[in-house]
Amino acid sequence: MKAAFIRYLPLVLLGLLWEIAPRVGLVSTLALPPLSDVLKAWLRLLEGGDLWSNAAASLYRAGAGLLLSIVIGGALGIVMAWWRPVHVVMSPLVELLYPMPKSALIPVTALWLGFGDGSKILLIFLGCMLPVTLGAYNGARGSDQALVWSARSMGASRLRTLWDVVVPSALPELLNGARTALALSFVLLVSSELIVSRKGFGYLIGFLGEGGVYDAMFAVVLTVAFLGFVADRIYQRLMKRVLQWQE
Amino acid sequence: MSRGASNGASAVRALLGALGLGMAGWISILVLVAAWEGVARSGLVTPFMLPAPSVVLDRVWTDAASGDLLNNLGLTLYRALTGFAIAAAGGIALGVLIARNRAVRWFFDPLISIGFPMPKIAFLPIVVLWFGFHDVSKITMVVFDAIFPVVTATIAGTQAIERELLWSARNLGANERQLLREIVLPAALPQILTGLQVALPIALIVCIVAEMTMGGVGLGGAMITAARFADSPGVFAGITEIAVAGYCIVKGMERLRRRLLVWHQEALAPPTV
Amino acid sequence: MIRTGATNAASQIVVDAVSHVYRPPRGREVLALQEVSLEVKSREFIALLGPSGCGKSTLLYLIGGFLPTRDGSIRVDGKPVAGPGPDRGIVFQHFALFPWKTVRANILYGLEKLGLPRAEREERARSFIELVGLRGFEDSYPSQLSGGMKQRTAIARTLAIDPEILLMDEPFGALDAQTRSLMQSELLAIWERSRKTVLFVTHDVQEAVYLAERVVVMSARPGRVKAIVDTNFDRSDPQVFKSKMFIEKVDEIWGLVRAEALAYEAMQKESR
């Protein structure tokens, strides 16, 4: 308990600084509203319902896109590792697309599907697929040949072996790729909502900013940042649970 | 085969190898592009949804000829690379300090641990509030995002130095400053470079998003303008330009790493693909 | 040829009732050395011998100034040890070569720190590369060298700065048996030519008896000086390993060490 307090003490100190500095005039209260004002604004948003409706929209989009990217990206990675022809076709594409900034997909998805949920889900699906595919591919490639042969010798068909041996072997690296995808999904979500959206966290931040309601804007920014952090922590716990069998 | 022709073939092979993909890889790409062209022309999709590669490349060419490409690409690269350079220098210095000083480490540890998984792009409106719509904001955002992987990699690299290396250097007469410059940094270099290799694409992504949000000149801004004007070839041209730029930068970084780490026994690039 | 005693009778290194506590980042602290006292004369070749964990390396590091002496005192040439320095050169078991520097650059490093003029540095480096038999490998990186070659580089690097005292921490421990015995003879040959005070840490009794004039046997943790055995005899005889005197010495010392090694094992079992 004490250790945790000492560990996070710098944050507490920064919080204090945030409260004091604008109040004593070190920085303008417009540029940096005092922490207490931000918290009050946050509560107001919570009561008013704005935060909930926009949060729901954002989380729905990110969740759907992420789920699709993990399932399809994971499957693709495993198939690429398992069947040579698929690998030959897909791998140069993967190598070319890896360094491309995924945010470049924002205009094109907006072009195709407009300002609504669809474009965001598509964006996150496409953008987040790559880390998952790579993780699944590397994980499946690394699956122990001895395990595969054991399964086959016990009568498992190729497909059965794929499901029973390769997929679990690939799981750790796949899940690691999914963790990267999780962080990326937040980034793509917020980015696209800042630019081409009519609801969601990013939209709300922009809206509040343009309206000059800076304390509320700060509140939403912190909310998103915090959610990203919490999501990662929760994911890590889940990963540990799923991968319990690993030493 | 005559000597000239066989020399030509091996030269082509060398060039393709230098570009990073084997012959088989490039053939595969060509096939995919041809398929794209076919689908676009077939009428299965509207030219709005998926302009043909010939149209897109033509657009890239026009942009290049008019100087627009250079303008936009140059500006984006300038912002991204400036931010990257600052993040690199600052990140390495901070990382070394954190690794070697307990008080500094205590202060920054929760900041890094919490800051890393945060979508830092959410802070863009705040940065704009503080610094306006100029390059400063974009570069600041890039630094904010890109500095994290550099710091963590530097910390890891510095802490992993075997103490006998440091002891030997001191034994041979090195003082504190020389130790830092001549021993600590080179020893931590492999991991620092890995951190830089992670930070570079991040710098590009963040810069593009910042440009899209703020509009104006730059590849990001140009692409968003094209989208708003339903200029589909423009959007795809932008994607192509960024993809190529990103690819070249990443490959360039890999080469640099191999050159700098010629002495490293692993000589492995970090997992990029 | 029997080595005569040191020409300088006064002790060069005086270790006086030194104790050392090892504080791991996690877990309880451990008494590594307890009231160790030792005197080493100039140009002597001493072996520090003992089971694992007896603190022999710790003692070396204290003399080298890499660890601070908090309990007791260590004096070199009459002055207390204040930190590492080129007067006490060190060679580690795992070579500690700078992997980003070539063989030549590694050897030049200490010479640069000494502030010697360029021509002299290059010449010295060249002669030491020659001395340890690494001619032709000056521009290789450590990752390209075998274990024996790496250790030769490490030795050359330390010898190049011409320290009066040579501290060697199980320098041949990471080498295969054949390379090891080769290096032992070479080390003796080098030592014959340029007499330095050598403190040689090892857990190999034969190695200690072969190389050293005196063998300091240390007890299991906490380390104390259990016995000091004189092993100064004629080493020019190539059959020395089979000579009666040699075998008797090894037996005698092995008996002393064995008791300590068993005690150490018992301690390990207890702590489980």
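Every chain is named by a letter (A, B and C) in the order it is written, and numbering of its residues begins at 1.
Operating definition for what follows: contacts are C-beta pairs under 8 Å (C-beta built on N, C-alpha and C of every residue); 3 or more make two chains touch, one makes a residue touch a chain.
Predicted model, so just to flag it, every value in this text is computed and none were measured.
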{"item": "Distance-to-centre winner among chains (Cα means, whole assembly as reference)", "value": "B"}
{"item": "By count of C-beta pairs in contact, the leading pair of chains", "value": "A-B"}
{"item": "Centroid comparison with chain C (C-alpha atoms), farthest chain", "value": "A"}
{"item": "Distance between chain centroids, defined by C-alpha means - chain B, chain C (Å)", "value": "48"}
{"item": "Whole-Å gap separating chain A and chain B, where each centre is the average of the chain's CA atoms", "value": "20"}
{"item": "Rounded Å distance, chain A centre to chain C centre (Cα mean)", "value": "55"}
{"item": "Of all residues in chain C, those that touch chain B in their complex", "value": "61, 64, 66, 83-86, 88-90, 92, 94, 96, 98-101, 109-110, 113-114, 141-143, 157-158, 161"}
{"item": "List of chain B residues in touch with chain C within their complex", "value": "162, 164-165, 167-174, 178, 182-183, 186-187, 189, 262-265"}
{"item": "Of all residues in chain B, those that touch chain A in their complex", "value": "20-21, 24-26, 28-29, 31-32, 48-49, 106-111, 114, 117-126, 128-130, 201, 204-205, 208-209, 212-213, 220, 223-224, 226-227, 230, 232, 235-236, 238-239, 242-243, 246-247, 249-251, 271-273"}
{"item": "Chain A to chain B touching residues, read off their complex", "value": "6-11, 14, 31, 88-89, 91-108, 110-112, 134, 138, 183, 186-187, 189-191, 194-196, 201-202, 205-206, 209, 214, 217-218, 221, 224-226, 228-229, 231-233"}
